[in-house]
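Notes for the one structure printed next.
Which chain is which? They are A, B, C, D, E and F, in the order written, and residues in each are numbered from 1.
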Amino acid sequence: MLLHLSTWAEVETYLRQHQGIIIPIGSTEQHGPNGLIGTDAICADAIAKGVGDSTDAMVAPSINVGMALHHTGFPGTISLRPSTMILYIVDYLSSLAKAGFSHFYFINGHGGNISTLKAAFAEVYDRLAGLNLPHAADVKCQIGNWFMCRSVYQLAKELYGKKEGSHATPSEVAVTQYIFPEAIKKVSFPEDAPSGFPIYGAANFRSCYPDGRMGSNPALATPEHGKRLYDLAVKDLSNSYLEFIHGKQS
Amino acid sequence: MLLHLSTWAEVETYLRQHQGIIIPIGSTEQHGPNGLIGTDAICADAIAKGVGDSTDAMVAPSINVGMALHHTGFPGTISLRPSTMILYIVDYLSSLAKAGFSHFYFINGHGGNISTLKAAFAEVYDRLAGLNLPHAADVKCQIGNWFMCRSVYQLAKELYGKKEGSHATPSEVAVTQYIFPEAIKKVSFPEDAPSGFPIYGAANFRSCYPDGRMGSNPALATPEHGKRLYDLAVKDLSNSYLEFIHGKQS
Amino acid sequence: MLLHLSTWAEVETYLRQHQGIIIPIGSTEQHGPNGLIGTDAICADAIAKGVGDSTDAMVAPSINVGMALHHTGFPGTISLRPSTMILYIVDYLSSLAKAGFSHFYFINGHGGNISTLKAAFAEVYDRLAGLNLPHAADVKCQIGNWFMCRSVYQLAKELYGKKEGSHATPSEVAVTQYIFPEAIKKVSFPEDAPSGFPIYGAANFRSCYPDGRMGSNPALATPEHGKRLYDLAVKDLSNSYLEFIHGKQS
Amino acid sequence: MLLHLSTWAEVETYLRQHQGIIIPIGSTEQHGPNGLIGTDAICADAIAKGVGDSTDAMVAPSINVGMALHHTGFPGTISLRPSTMILYIVDYLSSLAKAGFSHFYFINGHGGNISTLKAAFAEVYDRLAGLNLPHAADVKCQIGNWFMCRSVYQLAKELYGKKEGSHATPSEVAVTQYIFPEAIKKVSFPEDAPSGFPIYGAANFRSCYPDGRMGSNPALATPEHGKRLYDLAVKDLSNSYLEFIHGKQS
Amino acid sequence: MLLHLSTWAEVETYLRQHQGIIIPIGSTEQHGPNGLIGTDAICADAIAKGVGDSTDAMVAPSINVGMALHHTGFPGTISLRPSTMILYIVDYLSSLAKAGFSHFYFINGHGGNISTLKAAFAEVYDRLAGLNLPHAADVKCQIGNWFMCRSVYQLAKELYGKKEGSHATPSEVAVTQYIFPEAIKKVSFPEDAPSGFPIYGAANFRSCYPDGRMGSNPALATPEHGKRLYDLAVKDLSNSYLEFIHGKQS
Amino acid sequence: MLLHLSTWAEVETYLRQHQGIIIPIGSTEQHGPNGLIGTDAICADAIAKGVGDSTDAMVAPSINVGMALHHTGFPGTISLRPSTMILYIVDYLSSLAKAGFSHFYFINGHGGNISTLKAAFAEVYDRLAGLNLPHAADVKCQIGNWFMCRSVYQLAKELYGKKEGSHATPSEVAVTQYIFPEAIKKVSFPEDAPSGFPIYGAANFRSCYPDGRMGSNPALATPEHGKRLYDLAVKDLSNSYLEFIHGKQS
């Protein structure tokens, strides 16, 4: 059930029985020589829809721009500053919380979002407490990183070994190839990419990682791999979502 | 050419010959008894892709949450505060401006975004001037509201007369029916809706407009109308975009 | 009744029977070769006092600095950033709302303020709702642009035709000549001024409009015109204020 | 020379020989049973004009709303939060500094502004240094509190002794009576007012000082006193301004 | 009783009988040729502990970075911008106020903090009122500047006369020598230092005061002086704290 | 070498050969029935000094208040909001970066700081790039969490097994007992504490973890354990710091 394809009355009905919502969050950033700039948003969005289908949960509109300042040395990258992203998340969740939602499950496609998202959650709890919302104390946020699901991780290692790398990975490229086969890029590039440099600012990042890859070889990606990874991610995150909704309570 | 389906190298190539980019901006807000919560984003996104195709312009990822505080009395609405939206736009455009883009053309699906967007543009010019970007003085932003295109407006009046109203209009609902025929809602509701109350805060809005419509009868919408409206909007905004890029210069 | 010439006890008395207040808002910005930098504030202030007199409404202190970033290429211009102006308006109105005012009618002298003011209103409604003020849901803001009153517009066209232009207009200069005859400037400048360039950043504005005028010939202004324009504005906006206070309610 | 009654070209000419500007700053706040809400702004504005006349300095538009949160328990008071006021001052001075002004002399009518103003000055120096303005290192701000001029203080003590008090003082009321004799209020109130409570929040302030006075008896004020106080303030602050402009330099 | 050496249960117990807390605040900034960068924090921290001991008051963790932008031309200085410091103080005091503390007594070691602290207090009162805390109206903040205690001031004048100066003073250096005798610096420098230049931005400050001293001769400092000054400060501020807690109430 | 016990000239000398600095960061928050509220700051501060000694690195003043909003249900906890903490870190590091420092190594005592710190680092890189500092591209930040050092973790598991828990752990309590033996608390409490509830807002946290412990039994802590843990942390983080300074470079 997609929020943006629902009417407000359908949302009102949903809220009589549910308080949870799935929020896909990605990024708009360089993904190496053959990866799409929208990779992280595409993966998060597709997987979130799959999880929504399998759990009958509402899925909110995709957050397609995140925290990618370190990639802004490459054209096409769009990033929020962390301080802006915190305000964005606060406003986004406050709107939903005022309407009665209380359990916010982010399906995340970008490692760089995690810290700022977690910071934002703390800010959200505090803000909502200050607004004296009746159910402010029930508000809970959680992140499900599809690329860190155990089964996804294992398959990626099996398929690509060390060539999975840590950015512009064959696994995420594969998922986008499965979702958008018409956008598969034919580009040649060296098999090896630098790895092991920590991430600092944008200029430093580009000098360490000249074509944007971090140790990965995304030429190994195929749409078939993508389907397998996608299916695993949907399955794992569906379980995770249901645990979040029905899990251990104080 | 969609930014999120491009690689960074394709963006780099594009920037050698172009400095313009199209940015769809919508909203996530109630649209009456049969309108989708994503109406404004769906319309803006689809029309922007059409304009991008017809003008060979790059289209950035859709901004699907805007300024809809006055609709937050209805569940499912998600809104930024204007001060947050200004920061969001500043970050979004700064990222692109640093990469070399200078002409930002927003295809907008929501009247409530206009004031905050214009305020944000002023803030963007000032911020970029302060960063000493080489081409800061060339940065230009413009809004194209698809629902205010002359041809669109005329067809809407012809099809719906006064029943077009000013929110949850049959014309915008029609465009979403054309784009997402699978999400056409069968709901019955009275033909008439209140109109003429000015827009203030969220509680006031809901008390004035109990089902979310402002004077409109969106039961009149059909997917066929939607296609005609869509085609007119794409044509008008394509011309407008090209004028913006090649138009009168100081 | 001017707030700044009242005691707090007089305000308390006023609030027993009224909840409305008139707030003049102008700008401090270049107004071409013979226009005063304070033009927009002078006009708004004088007209607001006239409206206050004719409607027995309280008039708040003039906001004399607004959103004029695009004029900051000319010395003497002072501007807030939109994000600052939003905070300013939020604080200004929150102070008055806490005291019991609920209807805020801005008499505005500067087109460049409109977008940011409207954005600020949305932020105000949201902030006041969060403060749990008893009458937060009654708070209403409206803008009356004196230069857009129908009667004012018609007289300006009749007197100046196309030479009215859109900035540093003879009509606004005329009103300042009526208010401050001692500050009428004798300066010669060409009859024609550029027009038709959209407004972007400050550097671009000055290169498009080298002496600050936008298509206007303010040499045509006279204090007598000013009086006629002033009288029309006061009359129209007095009606508009009373409609705002007593008008259609939900 | 009043900025708001000048053209931008006159400002440009002024800047060829001067870099100083006088900025009146007051407040909009309760001033006891017979004091005007605009007292602080009225005094600052009038005295600033006098100083401008006697020193040939440019006088900027009056800042009529300041930091008066502790007075917001009384209706009619309008206050900025300190954080907002800092941004306001930063924007105000940045506009002028970009045009070439470097010496900012505030003539202040409200003790409650002093701390926030000083904080704002530090923020201004830092911001301007970050903008790489050529003359950023020359930017200097100073406050002249008219009510703390030695000669003013002495006359107030001579005229009123302990009845001068520390808010809603007869001396400031006298100056407003001199400037606006038509707004002299005939109100009776007890001679004595509480004094000696420190200033904390708004609710506390009103409970300590029920009619707004702090130890003063403003019934003693006369317009004649006002003229004498005004003349002394103008003379003292004119000297202070000239010292600021021509004074000890590093 | 030091907050950081207490358990939360001990704090809970304390709050049953007390609502006051002492907060040491210093700065991290240059203190001339032989003064420690931590001088202001060291003095505030030590004196606050002494006052806490003598009054049985809780002492909060030291705020060791304050508003020292004007010293940032010297390496080692760390400063908050005033706008950041206001937020910091608001968060710091809000945390304590929510737990039940209401009387906040700052023992301050740095003149440059005073304005921003006072601005922050106003912001705190306003914020807490907005949160509807039960005891928001009782919240009170006060600053005790140890170096401005009458007895301290008198002894400093007696010991050093004019050589006390106004920054990097022998009296504050003496207190640090008493607290950290192992960190006494043997450095030679001229007896005289410039004085009398007002404080503006960081570049200006360093050009006026090349070695960081403002008219002082801190070579005169001894640990024995430090002990005497420390004892006087503790005694005076202990009285001041008790007056604050038990003093005149509305 | 402690920054706060140095003179500015000593810092200037240090900067001729070093660009690195160690910054201890802790928190002021409840640490269960026998843990000190200052635990995280005490540990970070002491270990940072040890690392500074063993590596000849400068150690900056301790940041003793961090992100602990989820602990604010317990009295004595003081927390910044994440958005405030980002500004604080930006200002702190900007001051040092302007002076020539470029490598910022945080020794962190609180897991709850990590996300906000990482978010702040991204904001710092972006801000400094905007200021056009010559060495902005060299600025690098890293976090060393003493409690996550491999050797520390192993010893904690060996000493306490599952009773280490995840907040108010015996290992951190042990370190504070080693540092402040005079503040060892004799309190009895049950051996077992709840565990496994995720962390959300402050009210939820306290209802899940009524005495503040998360699965730990800090009664097991001894000062001797503390010394062993301290020594291991200093050794590991000293290596980590040197790798950071001399490590793999682009």
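Quick note on the criterion: contacts are C-beta pairs under 8 Å (C-beta built on N, C-alpha and C of every residue); 3 or more make two chains touch, one makes a residue touch a chain.
None of the values given here were measured: they were computed from a predicted structure.
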Option reproducing the contacts of D-E, where over half of them reappear, out of A-B, A-F or C-D: A-F
Of E-F and A-F, whichever chain pair has more C-beta contact pairs: E-F
Where subunit B and subunit C are represented by their mean Cα positions, the distance between them in whole Å: 29
Distance from subunit F to subunit B - Cα centre to Cα centre, in angstrom: 46
Residue list for subunit F, restricted to those that touch at least two other chains: 81, 83, 87, 130, 132
Contacting residues of subunit B [partner subunit C, same complex]: 67, 69-70, 81-83, 86-87, 112, 114-123, 125-126, 128-129, 136-142, 196-198, 200-204, 207-208, 248, 250
Residues of subunit A that touch subunit B when the two form their complex: 2-12, 15, 28, 30-38, 41-42, 60-62, 64-65, 72, 74-81, 83-84, 87-88, 90-92, 95-96, 98-100, 180, 183, 185, 187, 212
